[in-house]
Amino acid sequence: MKIGVSFSALDPWAEIRLYQETNRDCAGKFGATASFVGTMREFNEGEGVTGMTLEHYPGMTDRQLEKIVANAAKQFPILDVLLIHRVGDLLPNDPIVLVAVWSAHRQAAFDACRMIMEELKSTAPFWKKEVLEKGTRWVEKNTTG
Amino acid sequence: MKIGVSFSALDPWAEIRLYQETNRDCAGKFGATASFVGTMREFNEGEGVTGMTLEHYPGMTDRQLEKIVANAAKQFPILDVLLIHRVGDLLPNDPIVLVAVWSAHRQAAFDACRMIMEELKSTAPFWKKEVLEKGTRWVEKNTTG
Amino acid sequence: MAIRVRFFASLRERMGYAEKSLPAEGLATVKDVLDRLDRDRILNAQVLYAVNMEYAQPDTPVKDGDEVAFFPPVTGGVR
Amino acid sequence: MAIRVRFFASLRERMGYAEKSLPAEGLATVKDVLDRLDRDRILNAQVLYAVNMEYAQPDTPVKDGDEVAFFPPVTGGVR
């Protein structure tokens, strides 16, 4: 299990590949890996966005992310999880978050991956400030969309 | 969009990474990438499995895979799809299938990725023959597990 | 021309051959093709049909030049 | 010792500072901490509370040495 924040650019697919190669405990036992990568778009709420700052609450972030993964592991038979969230200054197309879940079977991997993303959105202490053509704005809420 | 079968070993995360790097049409527009990788396990139905042969119906496979992706694109607002299924001889830990779906938003990416995996299981003409300690057996059905 | 019949996976092994060419005369549907072959052996387990690489039913029409396939339930992807 | 109060994101900007140390005397709950600060400014928009990095409520107890944080609804992940 690896959970944390990254202060520098994420290469999500390389991270997952490397993690799976170096963590062989569940090799041969997993049949399913569901993953999700969130990426910064160049528009939001109908406006062009040229940059974003991701602020977080150090310490509380790690604690909440670990809680979220523990909840998913309690509810679904999963074998391993990789979860990394960016903080700092981002540009459009930069990855924001990656989660990968290994499980023996498909359904548990999908369900746990989605649950982690949902809980993260509502409980992990991150805040986004977008840079627009004119000035900046705090993202006020995450819709369920 | 890239859809097909692979006759040689798959490196799924490298495939997704390369595909995203070389297909820039939806760069800046996608905020979500949901992916799934199916991997051969070293046990199935309570028995050790030492190898597997994946047979397919060439031609019909491509046609069905394209139909499955078209169905998902009809139902969900997705931007791009990468879908590759292995055929031939596999060993435990070898990737069997990879699907990645790019979309503006999370839910569509997750839903479409899962739908593609479900439909693939029931309509794409692939058959698995497992090598056990003693002899071989055809996998008779995919459960919904 | 003729109708090309193909078998896959466990059904191919059960039949002992992968394909066969049948003269098209008198063959109007998938069922007719089945009747011309070793029907009992084919239907000995659950079987799916395809005509020209699209899923088909016993009453799906066939004609000269078509490809008709018989195979067991598919098991791609992962559980 | 004392109670360490922290603000994040838009609330930090609204307050004009990121943290403050308050003497713990007379502070028994998160609500007491709020009352000791510029309460109206903090509650001007939706605010969440945390005590020692766990989500808290106005009646959550606080004591000398605790860290109390106030921040707007979180917006991590992606939509």
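Just so it is clear, A, B, C and D label the chains in written order, and each chain counts residues from 1 on its own.
In the analysis below, a residue touches a chain if its C-beta (ideal position, glycine included) is under 8 Å from a C-beta of that chain, and two chains touch if they have at least 3 such contacts.
Just so it is clear, the structure is predicted and the values come from calculations on it, not from any experiment.
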item: Distance from chain D to chain C - Cα centre to Cα centre, in angstrom; value: 71
item: Between chain B and chain D, centroid-to-centroid distance (C-alpha), Å; value: 48
item: Computed distance of Cα centres, chain C from chain B, in Å; value: 26
item: For chain D, residues contacting two or more additional chains; value: 77-79
item: Multi-partner residues of chain B (each touching 2 or more other chains); value: 31-32, 38-39, 105-106, 117, 145
item: Arrangement of touching chains [line / ring / star / complete / other]; value: other
item: Interchain pairs in contact, sorted by label; value: A-B, A-C, A-D, B-C, B-D
item: Chain D-facing residues of chain A, complex; value: 38-39, 54-57, 59-60, 63, 85, 96-97, 117, 120-129, 138-143, 145
item: List of chain D residues in touch with chain A within their complex; value: 6, 8-10, 50, 53-55, 69, 71-79
item: Residues of chain A that touch chain C when the two form their complex; value: 31-32, 105-106
item: Chain B - residues contacting chain A, complex; value: 11, 13-14, 16-17, 20, 27-43, 92-93, 104-107, 109-110, 113-114, 117, 144-145
item: Residue numbers on chain D that touch chain B, as the complex places them; value: 77-79
